[in-house]
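In the two complexes that follow, chain A is the common piece, with chain B as its partner first and chain C second.
Let's look at the complex of A and B:
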């Protein structure tokens, strides 16, 4: 791995984790959303380092573009309210959650460091295809040959979600008017 | 330090833990929703890292499907949040207890 890639890796790692902290600890939803955009963009850079160009582009387009614009739109639609950083009803829940979170992180890091890191390639056909035609072509080849049925089913999911959103929007308007 | 598979997994673990703590701690439904997105993205990073180090495209396909499901989830979830916010003024999830959950 070249030195520049390692530097880029560490910069985007630090920025992604800082963005994650910002999502959790920001007082206002707008700051959380902007921090989440920071995290998502830096995750896209990590995807590029992992040689997943198509996923990186989709991350920027779908997540940092469409989804976060929708979030910001809803935040501005709902307007600014009084910000209580943490709920004032259950302080025990806050410390318990932080303790359990630290426990979860320690457990995951323990098992990750315990398991070997010697991962090697098992799908040599994909490897050969990737070396020959490039990553995006290899991804498309896999998607349209091995995973055609799931790919064809996803539009139904999106249509159902769209119908659900329209139905929810209509019913609240009807009950108000 | 040269990054390897476990460094990506540890980044993913950190982001997932942040999302979990956010879901448990915060009371604003929009921020809880963003923390869920953070958890989904940390899992996506795990999939992409394994896909790279195992040199298999299956993880990338999974990430593609997760992105589709997340987009659908965001659409429905934000519609629900907007409709809840329209009918009531309070935004604290602790106060959304009509169903005695």
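Let's look at the complex of A and C:
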């Protein structure tokens, strides 16, 4: 990995983690949403470093763009200002969760440092990607060939979500709404 | 490389395609048909399930292998193991739809939407039982969960149903995050989401491929196993990931509860088995401890908490948690008998658990109080048929000999003994004895207590009567005719054939 790439990696990693902390720790939902944009944008840079240009573009367009705009839109529309998400209602639960999370992190760090990563990170279809010059082309090729079945299941997920939106969203007045 | 899908590939997904097609058909007819909506929608969904059953039976006869595409890169399989669970899933879906029409009418549900969501959930479950790829497992678990969230919150006039839908949605999406994180780490460590390829990297039961030391000692395999276990355990309502179960079961519309209490488990367990006992078979020494502890805690907590319930639905929810523990005992045995016991369990469980919920539904139609166990007092005098059927379901759930419930439990515990884990079988038997405390309480109330003054006769509809009779008959036939158990044995042969 070239030096520049390593510098970029560390900058965006630190920013992504800071953004993640910001999502949880911000007092107002709007700040949380903006912190989430920071995390998502930095993840897109990490994808770029991994040569996954298409995923990076989709990440920026769909998550950092469309989804977060909806988030902000809903938050501002509902007018939740200065709403303390972390009230002091169950402080015990909060500290318990922090303790367990820290324990999990310590466990992971211990095991990783003890035995090395052992990650191959190379998918069996990697050669197919290499054969194509363009990343988007290779992605599309895999999507419509080896991963055709998962691709075809996704529309049904959307159909179910749509039925749900209609069934749960329609007026309760009368039997047929 | 271009993909060449053959007739065999389409054959392997045919039952799932039929159910999805039926669901879409329901939505279309719902838009145009304005008379006898409930009857027509019920007819269409039952016909769809019957067609899918025929397609599944055909696949069983062919015993198709990995498909879509065929060979090592396969996404799903048409093997007998998957088809066996398809039978259980189609059966529980059909039983739930048989009891649904009166509920749909009294709650003013839109029959087309309601039943099509049940079919969508069924299709997701069938896909899950047949999947050979972590991607397909995740997508199908989302398909079935999404449909179930909506179904749980479908009754918009009851706040409790809304609460159930929302609670299930929030907690279950959280659990899905664990699942996909685990999958991502397994993918990172093995380089594939395909179960066959994961077996080849890690080394399967047969030890066909020598596993490399670096992969086996990878902490990411270990963390991946733990995270995936959390994801699966949540969907199976295994302690300590069971908190949602009683609230969701109580709040959701009763036909939905009946359906999801059996079918979700019958869909997740085969995928759980394929991932842990097959793909991660070489790592069984790493995950055995997790499943061992989960099984013990689940059996104890489920049975003990069920003792103090006053609501029948909550009682059945805790009983469902306990039963997930028994199945987990069979699964952690990690042998042929264990896999057979898991498969056999769900044919039996479909009859007895949906049957028990059908009773709740009939009594509940007299108002919210019908859910209280106290309303079962003197049921025998009010409706002999209902009381006898409930009695059979309770005895079968408790595991009394002539019913199929006994055999299902027997095989599960026998598998643990065969694997050398007698302690699991002993705890299973002890907790089963504890379970008599709440199952028999219902029976005693029905048969040995005088009926309250002014209580009227209870009558189920013709479809519910048919369903109850079929379930009671099914419980004796499945238990006493060895043909069903042999079917499960054949199914498991194809399951282990895969690795060798």
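Assume the second predicted complex is superposed on the first by the 149 of 177 C-alpha atoms of A that agree within 3 Å, B and C clash if a C-alpha of one lies under 4 Å from a C-alpha of the other, contacts with A are read in each partner's own complex, and residues count from 1 in each chain.
By our rule, contacts are C-beta pairs under 8 Å (C-beta built on N, C-alpha and C of every residue); 3 or more make two chains touch, one makes a residue touch a chain.
Please read all numbers here as calculations on a predicted model, not as lab measurements.
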Touched partner set for A:168, first chain B, second chain C, both or neither: both
Chain touching more of chain A, residue-wise (chain B, chain C): B
Touched partner set for A:145, first chain B, second chain C, both or neither: second
Contacts of A:160 with chain B and chain C, given as first, second, both or neither: both
Partner chain(s) touched by A:112 [first = chain B, second = chain C, both, neither]: both
Chain B and chain C footprints on chain A, overlapping residues: 108, 112, 115, 117, 119-123, 146-147, 150, 154, 157, 160-161, 164, 168, 172, 175-176
Residue numbers on chain C that touch chain A, as the complex places them: 1-3, 5, 13, 20, 24, 27, 68-69, 73, 75-76, 108, 110, 113, 116-117, 120, 123, 127, 133, 135-136, 139-140, 142-143, 146-147, 149-150, 153-154, 156-157, 165, 187-192, 194, 197, 214-215, 217-223
For the chain A and chain C complex, residues of the former touching the latter: 108, 111-112, 114-124, 128, 141, 144-150, 153-154, 156-157, 159-161, 163-164, 166-168, 172, 175-177
Residues of chain B defined as touching chain A within the complex: 1-11, 13-22, 24-28, 30-31, 33-35, 37-38, 41, 44-45, 48-58, 60-61, 63-65, 67-76, 78-83, 85-87, 91-92, 94
In the complex with chain B, residue positions of chain A that touch it: 1, 6, 9, 13, 16-17, 20-21, 23-24, 26, 29, 32-33, 36, 39-40, 43, 46-47, 49-52, 54-55, 58-59, 62-63, 66-67, 70-71, 74-75, 77-78, 81, 83-84, 86-87, 89-90, 93-94, 96-98, 100-102, 104-105, 108-109, 112-113, 115, 117, 119-123, 126-127, 130, 138-139, 142-143, 146-147, 150, 154, 157-158, 160-162, 164-165, 168-169, 171-172, 175-176
